[in-house]
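First chain A sits with chain B, and in the next complex the same chain sits with chain C.
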Partner chain A sequence: MKKISCEFLLLSALFVFPVMSTYAESPEEKGLRLTVAENTFNKGWQDFKANLTLTLRNKQGEENIFTMRMLTKEVEADGDKSIIVFDSPGDIRGTALLSHTHTLSADDQWLYLSSIKRIKRISSNNKSGPFLGSEFAYEDLTSPETEKYTYRWLREEVVDGRTLDVIEQFPSYKYSGYTRLVKWLDQDYKQPVKVEFYDRKDRHLKTLASTEFVEYLDKYWYPSMMFMTNHQTGKNTQLEWQNYQFKNGFTDNDFNRNALKRLR
Partner chain B sequence: MLNREEQWASWVLNNRIIVIVISVVMTMLAAYGASRLEFSNNHRVYFGEDNPQLIALEKMENVYTKNDNVTFVFAVGDGDIFNEKVLLALRDITERAWQMPYSSRVDSITNYQHSKAVDNDLEIRSLVPNEGSLNKENIDLIKNIALKEPLLINKLLSPNGRVTAINIAILLPRIDEASELPEVVAFSQNLLADIKKEYPFMDAYLTGGVMMDNAFVEATKKDIDTLIPLSFAVMLIMLSLLVGGIMGTLATLLVIAFSIAGAMGLGGYIGFPLTPPSVAAPIIILAIAIANCVHILTTFKQRFSEMKNDKESDEGDKKKSNKYQALHYSLSSNLRPVTIASLTTVIGFLSMNFSDVPPFQHLGNLVAMGVLLSLVMSVSFLPALLSLLPASRRAPVQLPFLSMNTLSECVIKHHNRFFWGVGFIAVILVASISRNELNDVFVHYFDEKSEFRQDTDFVLDNLTGFYNIEYSMESGESGGVYSPEFLQQVDGFSLWLRQQPEVLHVNTVTDTIKRLNKNMFNDDEAMYRLPDDRNVIAQYILLYEMSLPYGLDLNNQINVNKSSVRLLVTIKTLSTGAVLDFEDRAQQWLTDNTPQVSSSVGTGTVMMFSYIGQRNIISMLVGTTAALVLISLVLMAAFKSWSLGVVSLLPNLIPAAMGFGLWGLLVGEVGLALSTASAMTLGIVVDDTVHFLTKYHRARKEMNASVEDAIRYAYKTVGQALVTTTVVLVSGFLVLASSGFELNSGMGLLTAIVITIALLVDLLFLPAVLIKCKRV
Partner chain C sequence: MISINPLSLHLFGNLARQAVLCVGCVLFSHALFAAWEGQVGGEGRFYFEDPLDAKQHTNENLSFYVQPEYRHRWNGGKSSFTFVGFGRLDQNDEERSHVDIRELSWDTSYDNWDVRIGLRKVFWGVTEFQHLVDIINQTDLVDNIDTEDKLGQPMINVAAVQDWGTVDFFVMPYFRERNYAGVKGRLRNQPFVSDSEVRYESDDEEKHVDYALRYSHYFGDWDVGLSYFKGTDRSPDLIDDVDANNQPISVAYYELIDQIGVDLQVTKEHVLWKLEGIYRDSAVESYTAAGGGFEYTLPDNGSSTMDVSLLSEYHADSRGENSRTFDQDIGFGVRFGLHDAKSTAILMGFVYDLNNNGYIFSIESSQRIADNWTLVFDARFFEGQRVGDSGYDVSQDDHIEITLSHYF
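Showing the complex of A and B:
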């Protein structure tokens, strides 16, 4: 509830600000306003499913490919709920990860192990940890919630004819692996096209580049390709999104422990 | 009609101002390159780009992660670390260690990810909770878990619970080496100082690969700060004692300074890094440059002091002045032997390019350049300068205890005894070469006075080892690491490793999988074993990996496509030979027991240092042989005599062989440091022979002297200078022997021994040989 009122205030501020255009906006306020606008714009899709291909590469050029299906349901006033079902490699086929993400507290996660047909709850301190050993951390992949960070608008940039707002964001989550992120927010897509991640020592750790944006539901622009480079280890990970399908009519019952067992 | 030597002498003395100006300008131009010299702070500089062990290690690092590290070690005086005060201190330090520049991972007993079964679920969390205080019950639990955990014991925790470590993995980008490592070192030392202040109840120590790299830098700096001034001081004393006269000493010092500055400057242009071996170059150049000057100066002084009758009245006509004549004589008579001696020295040092150890190549090239410069300077700049400076007529100091006349008569008279006597000693010593064992302990490159060595020794005595060997085991298919058969073999190797007396710790993913299996069965100890279903194993690891926080993943143990695992083995500090023996046994076991698995050779810094000694000895044997052939050809050409060239082989070869034999009797251990000594000493040792044989040859050919008379002539003309230069060289190398860095001290000591033997062989044995084979 607290969150809604907060967002409401911010939203009203959005409408009020243009009126008081003479009022000098601080970089922090502008960063917040733009992010709120981004997150508000990107709400309302209800649910989707998509196919994912995750390709891990090390410095030696070795590769490992995961394919999976993802089902996600939008949740008002909290993080989204999602299930990821693994299709390959074969030894983890049928294994599925259920996540109830939360904005500030640790996420709830359960893993269904198809080999022993049991569900195990996953420890809670892993938000900063790598996803499937890739260069993506869990916290890089969960839904963007305004309260996860504080913001500072840095500058506007034009790259390849597209206008981008460069915004610095600072994690509120105590055990985050980062001191800050710098995102390049596309003014039309209302999506970041590039994000730089700075580690706990404020050293440049990774860069995420999102490309091949496609418009869905005549409104939402999603990247089909996300490429994460780790500058410290020389490893990289590529995440491809395919076959987006929206408004499948998922309910909360599709995202609980029982649902995990039903999946194929 | 003047011969070429005399023409040169005349030209130099007549154009002395031009000679001096050109020398100074050229030296300054060359010396400017010294501004580009940089300290190398990476121990990998000791390995060439094509070193097979380095290539294997780099491949391992590309597949898994790099293993540079900083290790903090803590010890409590009484009791153990399991009380709230110490554990909370360790938790705090672990947290702060994440701020270490370029750190990629921090491992300690407090953030060790302990897994256990809770209500049918798997709970994975830090052994000491991230927040809050600890009560007695918590502490007892932590103690019980930690002291039983194979991943911790003998690695991060001593079995008695008194000593513990925090290990910080460092990923240096190696883009700006000059600044990156010092950043890490400065942070570590500041943190250490803060810890000592804030937590006085613990003793704190600092070690690890990064600190070792830093120790290399400190050793280099220390040698620059102490040995170079010391060697200058020693040489100054030597010069004033042996040569006498302020002006001669001053001129010689200038020649030396110019040679060193020029060589180091050229090294800077080429891009040689500063390492302890390359910093030995100025000290060696110093000693050799003096030798050249001493020959010119001694002859000049002898001649000048003999011209006492003449008066200085005709100073206006410089061509006729005594000084001019004495200099002219000294220069023209020494030009040839000094040139030949320098060339052979240069060849000897250039043969160090055969070495597998780049810093020794750099040393060889730096000294070679320095010797060439000192040759040019001593036959141009030195006489030109001397002709401008006032000279005293005092004769050079005679060594009171040694009369060359007496010695030559004695050797000629008893040539049989000398031949057989020295020959017998030589045979005994040469036979003792085999007593040398290849033994290099690279932690011991740094002497006990260095902080790195003290801290590391404490860790070695109380906690764990410094030598890490990595093995990669390849299943041959993507995802193959989940195969139960493959893991059984990995487990078998891990168990075998743990049974070896050298092994202190084995980090293996099979321990983690066994523990997970136990957790999945409600912590039933009986289930502490590998599951026998591939999918089960894959999904356990998936679950485990999903539960790990930032920086504590399995990427350092399993490769990206899950086809191979890495075992990290910590062994005791052993000699090179013992390490190679261990590796042989490991490879044999793998061949016998895991034929389907393709396993890597052991890699790591310790393996590189273990192989390099042997490799370097072999390559230096080739180098020394090449140098010997070249030098012999130079001598044959110089003397225009086959037989003299062949005879010269004997006194050139024997000293190094005898030196190594003596080393075998006295020390018995050789390593990287000494493997280059034979090539290095060869070039210097030859000089004595060259000077002696040049005079002998001249007496035989130009004066038609008998063998005995030619020997007497050689003794008279160069005996004194040979003794003098040997004393100078030996004291120079003894300065090097006082280095705190073993590669330098060992090299210095052995070289000093060989040079001393060489003088004895030339004065006592060579004449006897010449008499024995009358024909030459």
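Showing the complex of A and C:
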């Protein structure tokens, strides 16, 4: 019996695989399939919190440093819920941003101004604007939902012994600041290690390089360091992730307007 | 002259003792885990014209403030202790030199309940030019006439957090009087509001217990708040009178009121639509007031990193000209958010009184000039032709103000 199944498998491989390659998956289908696989693989972590340090550097080498905490919870069949709380510099200490991201509709966002205790619902449409004056735009930091782009697989590359799929992606979102992104998706990490951003005039605007990958929960590889370079201004921003903690048991009540008041 | 209100002791004798005592206690109990933070700053005001009343100070004023803050969390962040103090020393106005406990609060959150006890600050509402619905805290008018600064309100607040919204219940056992600029102060009523005489409708005076209830939630892109307040009105009627020396003064009279409030914001692609309305009932009168408008953010053109928002609101009050403020006013504003590393922002606002042609024009700009240092520049211009017109009392008080703050 065992021998037969082995032969059967071998036969299947001989016959089925050639059929698949004749069917010839288009570059668009392959880009989508790999991205769906990436996003499916990267689900199931439930929730996490982490500390972030954002370092802005201009051409003259001047630095501005921001520190913040991020809390995120997965939502079944929709985008994640997250809160970012700013810890420094002092003038924005306690300010918090609550986001309920959605796969199909616009995200819901509330800003909490802790000095006057005001919660203000804000429009999530100006996503192409810079985050805290950094080289990261808001849209670069939202959760990667498959539906937000269309895709095209370009090629496979091997860099430093790692195999990468190079995939072009086009924002479906009409207010995006980009015409397209090119991402280098690591086949093992199931994470992009590099992303190039092209502005609305299709000029190369920025490059994001992610490094120092660490494996969490025996499955998920996250970069500890993200480095965004703006080729048009010469500025760059480093985003460092520290103290990842998973499965904190967060509930929806940790991600509503009421929760914003108790995070400082 | 000396206020006996234990919550707003005037400089210096009592202030120093209380502050040292309070700071000392907290420091001692948490010496090992001390997490003090806060801000200190200096402010200069320069007035363009001599004051309306010769008793008011001349055209320059310096002022310093400190706001120490202490926070401690435990129980996995579910419980917290918060202390926020405030003290200001003013060159000319002894009423503006004051201390306050902005927050002294013990908060605990359970699965679907939050319980918060102590002196706290609560904000309700959505509009920018006037905050009609917001009523829990007393305004600290000497700190800033924009009514954004508030005195800490003693309260027990229980919040029920449900899928269908949040219900907040407040019991407020002690009332805080509004603080007004002193006789030498600028940006004040004419005549000045006495702090030695205050009148209440309630025989319990400031010990009258006030209650409030609020429901808030969101439905898609609609954010909705409904509120009810029963107690001492935060904004007093000002009655013309004379002091012991037969000099004219204004006396604050605090009515007991019932107030129902509604606030609503609809968040669309580039426009925020806002509406606030109240119905207020007292022994003397009943009235309604409402304000609404929009905030429009220009669509991003992809090359500029700057946000430009246009604001406009209309506010009206059923009492007409008997209302002290916003009887029938229209406001316009432009906000520039530069989204640079220094968080530069500029807001220009213009409020015009359609009934008597008074106006206020203001420019506010802020920038982080170094790590933990900010510089704020404000300029305000007031116009009011006749006694009683909005803007008249401060019509000689056009000024610029520069504030340098350090955060620690």
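Basically, the second predicted complex is superposed on the first by the 241 of 264 C-alpha atoms of A that agree within 3 Å, B and C clash if a C-alpha of one lies under 4 Å from a C-alpha of the other, contacts with A are read in each partner's own complex, and residues count from 1 in each chain.
In this text, a residue touches a chain if its C-beta (ideal position, glycine included) is under 8 Å from a C-beta of that chain, and two chains touch if they have at least 3 such contacts.
What you see is a predicted model; the values in this text were computed from it and never measured.
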Should the pairing of chain B and chain C on chain A count as a clash or a fit in the superposition? clash
On the A-aligned overlay, A:K247 touches which partner chain: chain B = first, chain C = second, or both, or neither? neither
Touching partner for A:G129 - first (chain B), second (chain C), both, neither: both
What is the contact status of A:K43 with respect to chain B (first) and chain C (second): first, second, both, or neither? neither
Figure out whether A:N64 sits in contact with chain B (first) or chain C (second), or with both, or with neither. both
Please work out whether A:G234 is in contact with chain B alone, chain C alone, both, or neither, and reply first, second, both or neither. first
Can A:G177 be said to touch chain B (first), chain C (second), both, or neither? both
Touching partner for A:R203 - first (chain B), second (chain C), both, neither: first
What is the contact status of A:K117 with respect to chain B (first) and chain C (second): first, second, both, or neither? second
According to the stated criteria, A:D108 is in contact with first (chain B), second (chain C), both, or neither; which is it? second
Considering only the contact definition stated at the top, list the common interface residues of chain A for chain B and chain C. 56, 58, 64, 89-92, 116, 120-123, 125-126, 128-130, 132-133, 175, 177, 200
Contacts from chain A onto chain C in the complex sit at residues 56, 58, 64-65, 88-93, 106, 108, 116-123, 125-126, 128-130, 132-134, 175, 177, 199-200, 251, 253, 256-258, 262-264
Chain B contact footprint on chain A (complex, rising order): 56-60, 62-64, 89-92, 95, 97, 109, 111, 113-116, 120-123, 125-133, 137, 175, 177, 200-201, 203, 232-235
Using the touch definition from the top, list the residues of chain C that touch chain A in their complex. 37, 39, 71, 77, 80, 107, 109, 111-112, 114, 121-123, 126, 148, 150, 159, 161, 166, 216, 218, 221, 223, 265, 267-272, 297, 299-300, 302-303, 305, 307, 338-343, 368, 371-372, 374, 405-408
Chain B residues within the chain A interface of the complex: 59, 61-63, 65, 98-104, 121-126, 130, 171, 173, 478-479, 482, 520, 533-540, 542-543, 545-555, 558-563
